[in-house]
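Two complexes are shown next, each including chain A; its partner changes from chain B in the first to chain C in the second.
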Partner chain A sequence: MDTIWTGVVGLGFLLWWIASVINQYPLRWWEHVVRHDWLRLVPSWTFFAPRPGRRDDHLVFRDFEHGLAGCWHEVDVGEAWLPLRWLWNPYRFRQKALMDLVNGLLKTRRRYRERQLDQSVEQLSLPYFGLLAWVSSQPVATRPCLRQFAVVASMGHGLDRALRIIYVSHIHRVPDGDGGN
Partner chain B sequence: MAMAAIDFVGALDATVRIAAVGVGLTGMELVADRRAFQPRGPFSVNVVASFHRGPAWLLVGPNTVVAVAFLQIAAAAVLVVLGPLYLIGQLALVAATITSMALRWRRGLGGDGAEQLTIIILVAATLAFVPKTSPGRAALAVAFVAAQSSLAYVTAGVAKLVSPVWRGGTALPAILATYGHGHAWAAGMLRAHPKVGTMLGWGVMLFEALFPFLLLGPYALALATAMVGVSFHLACAVLMGLNSFAWSFPATYVCLFAVRVYLLV
Partner chain C sequence: MRYLPNGRSLMPKPKAGLRLSHAELAMLDALIVFAQEKGLVLDDDDDPPSGAAEVHNARNDGIFRLMDEYDRTVTKRIRELAPKLDDASTLRQLIDLRGQAVRGR
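Let's look at the complex of A and B:
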């Protein structure tokens, strides 16, 4: 019995490794297969390549009152304490979450452009939903609330920092249950 | 030959103990930033439900997440101290595996390669040590972890080598010029000395692409390669904030050396 189980485990490892090798290549047919990997056991190992992230993303939003746009506010993603970041970096999850959502949104936009689809359809993409839900959960000053979000990219440190708006959303109504004061 | 002479069980035990340090730290970091799971955070139920493909009823609230994270920390502590070989260690291994996978699934986003490799190590070790330790399955798990680690390094290196941005030497200075994965002093240094940036970029590419092959060389070369590897991950932690990589990737070196001995001795 133990020998059979060892054989099954060995075969499982082999198949897992083969799937991992295939997953390193951007194959369209494989994307449909790996979509069913609910536990995300099949890894992707292309760290910072081929196009490394060269910007910091900032998620900002503004509200409209009586048709007038208010100030932009930034959603807090925390800031690591540099001297201890090599060991202790608790904000890395939320910072990476923003990066994942923004990269997903830009990828969706690129794909829709390639297929010459209507750009407004990207509002139905999962990354857009995620960003919209995140800004909708931020505090609301007045109700009903109309809200718009944008993604601003910054490059460089200190005075050398350059800013660029890389995405501006449509205007949405914040559901009454969201964005408690 | 050699299969009986090499202590694969011991190698996997050491790998799990080192990786468990990273598991514990990850749990503590999640507890420290538990606000991320509260209503205004990116991992609140409302936000995650908007893009998650899994069943909504499994998206538990922040208090449950913190409880699971505490269980993860406790399991990791047991693994670091006792290892996964005895009953309490086996229970801790199962707990660490399940909680790590559950917390990553619950977040839906914000994962990285270190977390992926850690889960690979934990799942492989669970299959080797639970319900009882099997030297045969431990050998297979060690080979599997070593193969995944080798694949990770080679893929990372080759993906950079085919990239004009990396070959041109502008990738590393640009990454270090960010706040998220950068460092002001290092970015300034590379801006002042662009050739250093190009050399370091090529060093990273060649090191990653050749890493598993260098380990198969003479023992002194293999040991030097492993030391460079540990230094590389420490540098990534200090300069880029990739703290969890400094535990998960060096943890696999024990498995890589066990496979090296099996192949060469």
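Let's look at the complex of A and C:
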């Protein structure tokens, strides 16, 4: 009897180990399997591998008045003082929020494209709501106005910094008053 | 949009720090117009997202997983709502539309 139980437990550990190894690779079919790991038993230790993030995301917006587009403004997510950033970085929450929303939006775009959905329906995704709410809460010179946002990625530092536009939103009305139509 | 030709050489000198400089912000229009004129698609298909580790962890994160599952279930209804998306919708109108999709699933 002990041998049987030893075998069962051993088999369980073996399957767990195999699942853990497979989970280190971004395999699409595996995502459908690991989705059912409700207890989060299968770990992921890849961290920055195999392709580390190399870009910083910036959320920018502009207003339209009388049909004319204004200047782009960047949403301030804060920037901690570099020497103390490892210890005290209260802006990290906003930076992480922006990172997650942008990545979520780009992921949504890919998923919707796979499902052959019209590009305009990205506006109904939750990450889009988050970004739109964020830029809508920025100061407005005159209400109501039309506002558009974009996500800009910067890579490198100083003179070597390069910019890429990775997302440009539709144009939205910012209502007269909070949350109204 | 992929890396723009000569994009680096066009970049004005940015200020120290992560924030975009005024000169960089002023260049965004030109970058967008250039991309659209060339018919380039604005996306990141071949670019690793920032914070790759966090994205990878998010794959195991309940909220992200639920969001994706939820989107999958309402995809059909969202597709039907596409024609209702007006130009210049407000955030509230968009949320209401999504609400219709969720209720109608």
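Here is the rule we go by: the second predicted complex is superposed on the first by the 128 of 181 C-alpha atoms of A that agree within 3 Å, B and C clash if a C-alpha of one lies under 4 Å from a C-alpha of the other, contacts with A are read in each partner's own complex, and residues count from 1 in each chain.
As a working rule, a contact is a pair of C-beta atoms (placed from the backbone, for glycine too) under 8 Å apart; a residue touches a chain by one contact, two chains touch by 3 or more.
Worth saying up front: this structure is predicted, and the values here are computed from it rather than measured.
In the superposition on chain A, contact of A:I18 is made with neither chain B nor chain C.
Of the two partner chains placed by the overlay, only chain B lies in contact with A:Y91; chain C stays clear of it.
Of the two partner chains placed by the overlay, only chain B lies in contact with A:L101; chain C stays clear of it.
Of the two partner chains placed by the overlay, only chain C lies in contact with A:E74; chain B stays clear of it.
In the superposed pair of complexes, A:R54 makes contact with chain B and with chain C alike.
In the superposition on chain A, contact of A:V9 is made with chain B only, not with chain C. Of the two partner chains placed by superposition, only chain B is touched by A:Q138; chain C is not.
Applying the stated contact rule after C-alpha superposition, one finds that A:T46 touches each of chain B and chain C. Of the two partner chains placed by the overlay, chain B and chain C both lie in contact with A:L126. Of the residues of chain A, those at positions 40, 44, 46-49, 51-56, 79, 96, 99-100, 126, 129, 132-133, 136, 154, 158, 180 touch chain B in one of the two structures and chain C in the other. Residues 25, 28-30, 32-33, 36, 39-44, 46-47, 49-51, 53-54, 101, 104-105, 107, 109-113, 116-117, 119-120, 123-124, 127-128, 134, 136-137, 140-141, 143-144, 147-148, 151-153, 155-156, 159-160, 162-163, 165-166, 171, 174-175, 177-184, 187-188, 234, 237-238, 241, 243-244, 246 of chain B are the ones that touch chain A when the two sit in their complex. Within the complex formed with chain C, the chain A residues making contact are 26, 31, 34-35, 37, 40, 42, 44, 46-49, 51-58, 60, 69, 71-74, 76, 79, 96, 99-100, 102-104, 106-112, 115, 117-118, 120-121, 123-126, 128-129, 132-133, 136, 146, 150, 152-154, 158-168, 170-175, 179-181. Within the complex formed with chain B, the residues of chain A that make contact are 2-3, 5-6, 9-10, 12-13, 16-17, 20-21, 24, 38-41, 43-56, 77-80, 82, 85-101, 126-127, 129-130, 132-134, 136-139, 154-158, 178, 180. Residues of chain C that touch chain A in their complex: 1-4, 7-8, 11, 13-14, 16-20, 24-29, 31-32, 35, 42-45, 47-60, 64-65, 67-69, 71, 75, 78-79, 81-82, 85, 87-95, 97-98, 101.
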